[in-house]
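Per-chain residue numbering starts at 1, and chain names A, B, C and D are given in the order in which the chains are listed.
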């Protein structure tokens, strides 16, 4: 293997960082093309109100996508997020309608707590029960939703039952940026930095990249895994509060079927389903892209029925592209190392 | 001199198989200690206990004289034990520098990871090892040698007091081995304890002061290396005379069965040609990573090849189709029994009859214990020790698992049997049985290709030896020409 | 191995084909008559003087459970069943899907109810089950959203289709000031009621007096709060000159009002349609909504329960011209196709809205 | 442990026993449960799940998954309405829909085996794609005027008795799938692929091709169920069967099939389907809301994997403790 020494002197054309950048660049490019095309046909698409609406619609999805991305990076999945959102939204809405004097921060904390408990249950079952995440979260998807339904029993919390300040939170803004959007940016940004620059983040990547090696490397797999599920749950809980504030009407079916949209955002955003690669802010971009597609279709007056089909095609396109890029890089790396 | 690390009377079994039984020895500061034994002697289990992966069933480990109970690898790491495993355990998606620094990344004041310091640190370690690997590239796609070097850098970076190295040199070139030893000696002289596992005795004599020998999961002896000759060590490892292990029978060599011509696959092997005749045992020798298994897997069709041809019994074999190879009369006992040879969760009978289930079916259906009868007959012929045929094959010992794999392929009635590391990880007794079986089969006219890393096995069994180096045929030696030296010389491309 | 597999596949597909072809050769849409399933429930004659039975088991099956409008409707039904000294039961799916409604109808048949009062999620999909119910001597009254007329005994219509369509156009015209673009935000595209009303609206809009009103789009919010909310957004983005959104569904009008009241379209775009006063009060008070209409939904449930009881007691059979008394609401006459019309809708404005609580 | 005891302790026998228990208890304790008409309703309710679960079992046994089945069902249902509106005869439409289903499955199969993409991601993608296309084909509308002799056959019973016509179809297909899985070389190869695809490849099993055909079968059955669903409700709609994929996967896993592949039996799966449907039916007759059933389904699903794991780790602890005691004495 002496030849290996000789060829190693060349710097690689694509470094790890460069690779990841190209992936998110693709989404940004797709976003840009879509926005420009739509705006040329419908200038109002770029009006302040329209951008505000898109960002508000993205916010909830992006918050959930950030948590989901962390779980998927560890080579797991959390299908229960839609149900956790529903549970949290209904809990918080009920609480706020019976205690209208509670401050907004109480609502946020309760939502986070409800989600965190749900996430912790998932994590414990996955880690200590040794039950695959897909099975656990499919099970808790039913269970959390069932709990919400049994509790709500067909009731609905309406906008007029909720305190003003709670509803205003969804539209109020700081320096022109709505709170909802601000929260989403802080969550996606914060989790991105955590995953990129902190030890625990890199350990989560390592766990997804090679679970056995992670055990051998002495990474505290159990703690990290519980943390990942707890984060995903807590963020779904937070999303529940935002949902209640934004839509004002909450019943037991809030967030039904959201899990697939969230997973789609994460996958489109470049997080590999088999873990280890992708970024949280990529997932956030994925959420934005899905929302913009929805809005653009409405504005361009394309039959709204195409929307779901386009989302599906986009997911398939994203994973095909990732696969092709991976194959090409593997080939180029092998060529570089080979001497035969 | 106080013992830095002590292994006290540990036992560990997996299901019915006792991997380690009552083993004790001590590692001292400033000592390089060799652990030798045949494959399957229990060395890797010891390593995994030291690493905190396995907990001893009975017995204890002690660090600095105090008993410790490792709940996981983190505890072992915290106790100052670093391990380089036989198979690299890298994170393919992370950069090389991150792989090395995992767990103790340099931090900035905000407790963020200091990437620049991390990369510089990796660069420094590589310089110390005398290799050049870009610290920022992902670990995915590194060659096996480079992966092993990253592993070594990883262990060095943790500044451990005990460094356990499980066959670190298997994939390395002579220059790289020299560098590694220089670094290791420096560590040893700084007061670290080194545990070194290798099959190369010259490396053991070059590096180590003491040696612990294991056989069949038991401790044989721990003695200064200087007191033992290589022959002593081998005798204690094997526990019997070598010749009995390799019961080579004379066979009449028949017509050519397999012709491999100019077989190439980019980045793996190139222009490999050789022939195998009926009744002949041809050994494929070479270092790990020389492409031996890859060539035979391409011949059998489980892997593809880019150019060249495989002719079997005079007909060109369809590439990339194990099914075609099977139908033509070829069988492959693969290198990795757990991953390639057997389906561990399935029962013994299902495993034995897996390639044959179509032939056993009547009207497309498998009824009335036809598989069990078939499996019973073959496992009996191979004297497999088993409970029930319906037990999962994973409950058998390594040697008996290997017999099941052999049974599975012999049941197909092959004209050519490819055996890849046929005795890896099985006990000495079974080893001899497998060798006897292969000899008998060859004597009956079966053509055998044997890939093996064990020189004695190669020399003891083969009629002809094809030596691969870096993916091409370095030499073809007859039984008469072959010696340890000549084979190693060809395999390494330099005097060893 | 694969050959066997092929054989099995072939065998399986062959048997499927046989299955498909066995029945008869070449039934197409044009040759098929789809009324074979109608239960023969004629012949029975009404006895207007029959005594109203007590202890009737009357079950309500709304489109879905957690819908405030349905809640108000069924609460009226509960009152009526109490007056009739019957047994009231409320069941329903969590999602507004026809298939889950079918399972509930089946359960009600098993439980041997006397009357099923149903709001059909799909007029046809529930038909076979409703007919099974009728064969099991259960009377079927549809309310809110009709099932096919050959699989129920009577239908409680909130108002005539014509009347609602006309009043929706009239309100839109007033709010638009006689000219400009309007859009409709409906429930699901196959919702029976809404589609009938929209049909009438289109006919009305074709009249000369509304020639300056232009219907630019009909959007569908699927009676889902969030979807309706986003559809309202989409309408306003796509049609900058939009003056009025007409939403003939309580979910849609509430969602659209909430969006407009929180956006800078407030005051520029008017919302009207059919809504519940309690849900709309806020938006009427803050000026987003000037005027909307609705009948009293509780009365629908009330009337449905009485109609069911009258059917089960043999006072009526569902034929045109039969009469029965519905408690406090007085006497009703059955119209064509078993339709019973509740009465004209009420218009709500800032002046009168506080008089209503539902 | 003896072989008999091991058989008895396996999850699929537990689930079969549980199913029988639920059926017996419900027949005795729940009024109207044991009637022949309720039996008909029960069979009709579980028909789509049980049929889709057959190929799904095969796919999960090989370690893959197909989440797009319900969308395939929806798309074939939509197409069925569209074809019907365009004047095709029902006898042409039915095989055509099954064929379309097979093609949709083949597309999944190609992406999974041809391009080597993870099946979970692929079928989440086609779940959205196929459902979207279903809406594109038929919009939110419904086509309802299917001929009575077909809709009536699906909802009807043999000779007007208790046995629904579709039960013949269910039994026939379940028999075919059961025999293929448990008594043919093809079935053997599925377990080998699921437990260790590499070893299967080394044993001459054509892993990719096998998986491809499983997706085709899954699509074809989903297409057939799309037809049956449409006929049962005499309503071709784009949203038909939405969410069914989760119910099917839940039933299959509940029946003791390992999500990692290589383990599970068809009788177990059938028991899982019947258990869920019977519970739902019985609870509804008792006026227990469907919501409570969600909790039961979820809990059963998690327990079906959790309990065997807990049992085995308890056994391992005992084993170690015995060894330690033996060493100490």
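Observations, loosely collected:
Assume a contact is a pair of C-beta atoms (placed from the backbone, for glycine too) under 8 Å apart; a residue touches a chain by one contact, two chains touch by 3 or more.
Just so it is clear, the model here is predicted, and its values are computed rather than measured.
With centres computed as the average of Cα coordinates, no chain lies farther from chain D than B. Remark: among chain pairs A-B and B-D, A-B carries the greater number of C-beta contacts. Here the CA centre of chain B is 43 Å from the CA centre of chain D. Averaging C-alpha coordinates per chain places the centre of chain A 29 Å away from that of chain D. Our note on geometry: chain C versus chain D, Cα centroid distance of 34 Å, whole angstroms. Multi-chain contact residues, meaning those touching two or more other chains, occur in chain C at positions 1, 4, 8, 94, 220.
Touching two or more other chains at once are residues 149, 153, 252 of chain A. Residue numbers of chain B whose C-beta contacts span two or more other chains: 357-358, 361, 364.
Partner chain B is touched in their complex by these residues of chain A: 1-5, 8-9, 11-12, 15-17, 19, 193, 197-199, 202-203, 205-206, 208-210, 212-220, 276-277, 329-330, 333-335, 337-340. Chain contact summary for the complex, chain B toward chain D: residues 11, 13, 57-59, 302, 322-323, 325-326, 332, 334, 339-346, 350, 353-355, 357-358, 360-361, 364-367, 388, 390, 408. By the touch criterion given at the top, residues 42, 44-45, 47, 49-50, 53, 57, 149, 152-156, 158-160, 170-171, 247-249, 251-253, 256, 294-295, 298-299, 301, 304 of chain A touch chain C in their complex. Touching chain A in their complex are the following residues of chain C: 65-68, 71, 92, 94-95, 217, 220, 225-226, 229-231, 233-234, 237-238, 240, 254-255, 258, 262-265, 278-279, 281-282.
Of all residues in chain B, those touching chain A in their complex are 51-53, 72-78, 83, 85, 89-95, 98, 102-103, 105, 107, 111-113, 131-134, 136-138, 140-143, 145-146, 171-173, 175-176, 266-270, 289, 470-472.
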